[in-house]
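My structure is below; once you've seen it, I'll send some questions.
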Amino acid sequence: MDLELGTHHVTLRDQVGLFLDEHWPAERRDRHVPDDEIRLFRSLAIEHGYLYRGVPVVYGGSERPIDPIADDVIERAFTEARAPLGIVGQGPDMVVPTLLRNGTEDQRRELIAPTLMGDITWCQGYSEPTAGSDLASLRSRAELDGEDWVIHGHKIWTSDADRADWMFGLFRTEPDAPRHRGITFLLVPMDQPGVEVQTIMAMTGQPEFAEVFLTGARTSVRYQVGERGSGWEVSRDLLVNERNLMGFRLQQLFESVLELARTRKIGGAPAIEHPGIRRTLIDIESDLLSARFSRFRSLTNAARGRSDPNADLAGAVKKLHASTMAKRLTQFGLDLAGADEGLRAPGGASVDLGRANEPGGWAMNYLFAHASAIAGGAPNIQRNIIGERALGLPRDLRTPTGRSVS
Amino acid sequence: MDLELGTHHVTLRDQVGLFLDEHWPAERRDRHVPDDEIRLFRSLAIEHGYLYRGVPVVYGGSERPIDPIADDVIERAFTEARAPLGIVGQGPDMVVPTLLRNGTEDQRRELIAPTLMGDITWCQGYSEPTAGSDLASLRSRAELDGEDWVIHGHKIWTSDADRADWMFGLFRTEPDAPRHRGITFLLVPMDQPGVEVQTIMAMTGQPEFAEVFLTGARTSVRYQVGERGSGWEVSRDLLVNERNLMGFRLQQLFESVLELARTRKIGGAPAIEHPGIRRTLIDIESDLLSARFSRFRSLTNAARGRSDPNADLAGAVKKLHASTMAKRLTQFGLDLAGADEGLRAPGGASVDLGRANEPGGWAMNYLFAHASAIAGGAPNIQRNIIGERALGLPRDLRTPTGRSVS
Amino acid sequence: MDFGLTDEQLMMQDAVRALLANEHPPAVVREGLEAETAHDPGLWSMLAGLGLVGLCLPEEHGGSGLELLDAALMAEVAGEGAMPGPLLGHQLGSLAILLGGDHDQRARWLPALASGEAIATIAWAEPGDVWEPDHWSVEVRDGRLSGTKAHVLHGNHADVIVVGGAGSRLFVVSAPGDGVEVTSFDGIDRTRRLDTVVFDDTPVSELPEGVAAAPRVFDAGLVLLAADAFGCAHRLVRETIDYLDEREQFETKLTQFQGIKHELANMVTGLEPTRALWWYAAHALDHIPTAASRVAAMAHAHITDCSMAIARACVDLHGAMGYTWESNVHLWYKRIMFDRAFLGGPDRQRDRAASMGEW
Amino acid sequence: MDFGLTDEQLMMQDAVRALLANEHPPAVVREGLEAETAHDPGLWSMLAGLGLVGLCLPEEHGGSGLELLDAALMAEVAGEGAMPGPLLGHQLGSLAILLGGDHDQRARWLPALASGEAIATIAWAEPGDVWEPDHWSVEVRDGRLSGTKAHVLHGNHADVIVVGGAGSRLFVVSAPGDGVEVTSFDGIDRTRRLDTVVFDDTPVSELPEGVAAAPRVFDAGLVLLAADAFGCAHRLVRETIDYLDEREQFETKLTQFQGIKHELANMVTGLEPTRALWWYAAHALDHIPTAASRVAAMAHAHITDCSMAIARACVDLHGAMGYTWESNVHLWYKRIMFDRAFLGGPDRQRDRAASMGEW
């Protein structure tokens, strides 16, 4: 075990500091920075090896050896300076790793770099009205017509579908195969007649997701990822990636809570001096530290290619742990922000955790905590997965004709 | 709705105060009082109409009209003075109400008065090794032999069996009847050759309950309560009574917590001035107040003989609510008492909630909270009962051959 | 001693429940979310017809002469139905005039308030989370008031605004009028709108007993919020059961899954006992003055927290649907958020209750 | 950067696990509950044989020269097996001499402590919940100490007692001896006994670097307790699953009931991530001095609370059997109670951590 910032990492930290001083000076922190400047900054950061470190240079990344402590040094420095990190979202976080692992060379060359720069945006076509937690029962189907897959179906709970250029999703291609084996992972352009998007308003008042109706939508076989019928395996990697998103966001939220606790007063004194508040803050921070070092543990295990049932358990609980923390943290933040904020409608055009302390920011995060809890399997589904897959408990009871949960 | 202490209750409060000043003066509070003095005091209190108010004079009670607010006035005054209330236990709390409702005149005359004075003590023969939550599957059987029931069976989790003079319990008397209809409620003398008691040590280190082996134990048909085969109905009343015991004990525990919070120091100041402690105390007190007034609500409903689904729901949740509170309260008390107490073995010969602040008192109450949670159906059984009986949810899934829970 | 509701009380609740179910069901409530106002004059006159808008006002002024417990029982039903509109502010404003006004003031304002012809509200909070009467800072000079009041319930519909001033004093302003500028606040709960009201040299009439009345009205507000939140949470549990009962997963009703059953059982185990707490708190306001203020604060804190936790769990039990605008869940969820924050929030009420304890 | 265990560390854990399972399983632990002492010399020499009693002592003194992380990994296994005896006090006492002693003192005491021939302990706490070094009040005059120390781990078995005195100073006392009176305390955890030790004009030898060493040893204690509690809770979850898997109700395995499954899932969701927290805290003790003290307090508070909640839930899941002395559940339950309270308790550690934060 070695977490110390060795010479190498100290040097890195200093270099990142200098880089930020030069390219993201303090006066940028609290002002609106135009998109093109952010773009330029990101290109520079990639050039310096600070962003997209796991992605080869040839695909637009900065291709550095796996080094979670370096990632951490960079993330911390960027966050403190409020400098933009890599684009967060389903493209960089889910599609790129999948293409790196399962994509063709052509797919990688065409799609990864623009995704990392935000020129191509993505939405996820997994859930269907009749297949929520149970992906194996997907009904949307794709049939081969020459060099094209032709798709008919109905996807739901698709975030950003109205803005996305592409959908990545699962479609039934082998109707006669066993349920898990008949699914293929396809990339589908959104801008075509066969794709109709209807946004769904979230309780935040924002159109956070959509239904997508696919009626004869087409995509070339060139955009099939992995073998026919292997979609289930390809998507399982994706779900693992999705579950990695939360930790860093929660860390940002915690910073916002701390800032709030320093400025808010309770009975005339800063909230951060209130003994009860202090105890809660410490407990929340302990939970976050647990999540953070659990991540280091997973990364180390992954790097070693070693299997370990306790590490698998840690992986299985990660999402439920994160969503539980998110609810606690946003409740605490909302309360700390005071009744004026507690009464305010969710604010901002979208969730921006770094701006939780702006008007309506806590309400937005408070509501959004549900979205992150529900996405990829609501809490009770998570509990079943943990119980059955990680603890080895027997499957749920079922109705005489029914199939079992998870 | 009328909760005010009217003239009548103010007068009562004053009278009780005078009575206590005379018969339970302040110097008695913190010293050991011999049993015979306590006995004398109780007789006086019954004479004055302060104890066993629901029991007719002819059976040794003080026979007053139903008046929960008067009960409350008396209980509060006695508790403040640390004067002994009526004997707490399965005899007065469970057997006496059952005999009043279902017993014969002979049974009442013989058994109630000595039970109220503690001259006859009782234990409960419900649970069996193979019938815990599911009373209908009892196996201990009684067969008629002339004027006697002859009993063979095995009871478990029987509190006080080693000290009790009598057992009240359920026995299968009609093997051919449907499961619920074949059970009879019998009173069985413990001091006979066919009864063997083997104590079970609790995690407190005390023999809190026992197994009772019945091999040809006999009891006269005179000690059968209710009709043959009606044991199920007779015992249902009892379970309701059992669930009434907790509230008052918790109130006593809360008084002990308050006393502790006044004397313990945190960072030099009394714990009761610690803002976090204060908030928790208020929340616990709110919970206790909810339970207390829910009880008034039940009593009022019972007095009116009116049925109300919400009141039924309140009744159904009472036990789980109380045991959840008990756990929270004892955790809080144990922590507030400090690490010296947290490290100490449970103290005292038995649980005495009024003495929680004596050495080992919090540890004892902490562990004992589990006993009260488990007795009469562990928390998960309670949740099933609440869900199915009070919320009307469908029964649990079952294995193809299995019967449903609760 | 009697701790139960009367037949009249139960019938009154049922009448309002039926009114809301028939005339203003959730589908209609939802239409109001998008509208410029959440005040529906048709609904208001139906409520007035049932005697609801003057419930606690004396019969001599045209009110129903009932108690705060009755008002709380109506708040429960209002919560169950997510009933929109200015009733809460109206009740508190009317109560302030009743308790704080002299004979002439009552005679002047109460009849119109009791009939629903005029709408009252309170302008008590001030920007920066100022809620309690002894924190109010707005000053009145020569009978004229200037200053800003926040979170005024339906300030734009009010004909009579009871304004809180420095020293816990209460003043009545007629609205709309010169020197009363109302701007709407984008609040979490679209069924009960909030406004910011700026007074500029506005003529006022002081309620001579206002200093005594203000804390009592504040306590009444806490209890009405608690009862409303209780009604919301109670309804949400029922809605969740109904929703889950209709849905199957893996060919099994969702309500048959024991994990779901136990979660629902835990919810009602926390919630149902608190019904007796707000009953008691409401009763205490009229009958047990020594306990009233403390128990009002306790009831508010305990019940709104409990209700909020239930609301959060109910969203998750609905799955993704529970997070949508299309589902009704957020009506009650946000209403509880409102009930919880209005007048300062649970922790603040706990601190107040602690400071009132005999510790 | 590498945040995982080495093969050696895993093998060492497995070796001790196997030793406990074979030579000192719960049935044997239980026999010790009733015994006058929980110290089993046979077990002690087996632990010594595995190099465990001198784990963190330098090789030059016969120790294994390992890190506090290794000691914490052993504490985890000790918790899993509810391992009885004086190891915890021995480790902390040895560490105090290592960190606080001069060359001669180390040379004098450490070899016997590393081999297990002598047993060390710490006498730090004082009656009245005095735990932290800067609160110690016992004074030493002319090389002689008088005063009472509470909660001394296996004080009656110790050959070397490291006593904490006013000003965070550390002193070594040889025991048993004149002026050292040991009385046993009736503690909650019968696997690790506590004694009260009264010193009366006892000759002592001061550790010159004691003032610096004391807080570091205190932090090490917190982490070892956290790891022990983690091991206990982890085992309890497993024991509970095994128990429920064997039992049927209504002809269905208890583990098939979703309510039970979800409760177990919630337990491990709280617990498993904290493994990384105590790993980090243990690692920090040796490698990240700036963070070590704060994270030790956090790890202790967070993990012992989490473990305690799990233990309470596990009792209830066992039904009445879980409440008996006959069940093994209480072994781990009470051990967690000990881990949680020793050195002051979770809230106290949270307060300490908060005061060390960069807030």
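By letter and in written order, the chains are A, B, C and D; residue numbering begins at 1 in each of them.
Basically, contacts are C-beta pairs under 8 Å (C-beta built on N, C-alpha and C of every residue); 3 or more make two chains touch, one makes a residue touch a chain.
In this text, all values refer to a predicted model and were calculated from it rather than measured experimentally.
The interface with the greater number of C-beta contacts, when A-D is set against A-C, is A-D. Summarising the inter-chain layout, the chain whose CA centre lies farthest from the centre of chain A is B. Per-chain Cα centroids separate chain B from chain C by 39 Å. Separating the centre of chain A from that of chain B, both taken as means of CA atoms, is a distance of 52 Å. Across the assembly, chain A contributes residues 267, 275, 279, 380, 383-384, 396-399, 405 that each touch 2 or more other chains. Multi-chain contact residues of chain C (touching two or more other chains): 252, 256-263, 347, 351. Chain C meets chain A in the complex at residues 127-129, 131, 150-151, 185-189, 194, 249-252, 256-257, 259-260, 263, 308, 312, 315-317, 319-320, 322-327, 329-330, 333-334, 337-338, 340-348, 351. Touching chain B in their complex are the following residues of chain A: 266-267, 274-277, 279, 396-400.
Chain contact summary for the complex, chain A toward chain D: residues 1-4, 9, 67-70, 258, 261-262, 272, 275, 278-279, 281-283, 285-287, 289-294, 296-297, 299-301, 304, 306, 310, 313-314, 317-318, 320-321, 324, 380, 382-384, 386-388, 390-397, 405. By the touch rule above, chain C contacts chain B in their complex via residues 1-6, 69, 237, 241, 245, 252-253, 255-258, 261-262, 264-266, 268-270, 272-277, 279-280, 283-284, 287-288, 295, 298-299, 301-302, 305, 347, 350-351, 353-354, 357, 359.
Residues of chain A touching chain C in their complex: 127, 132-134, 156-157, 200-203, 205, 209, 267, 327, 331, 335, 338-340, 342-346, 360, 363, 367, 370-371, 373-375, 378-380, 383-384, 396, 398-399, 401-405.
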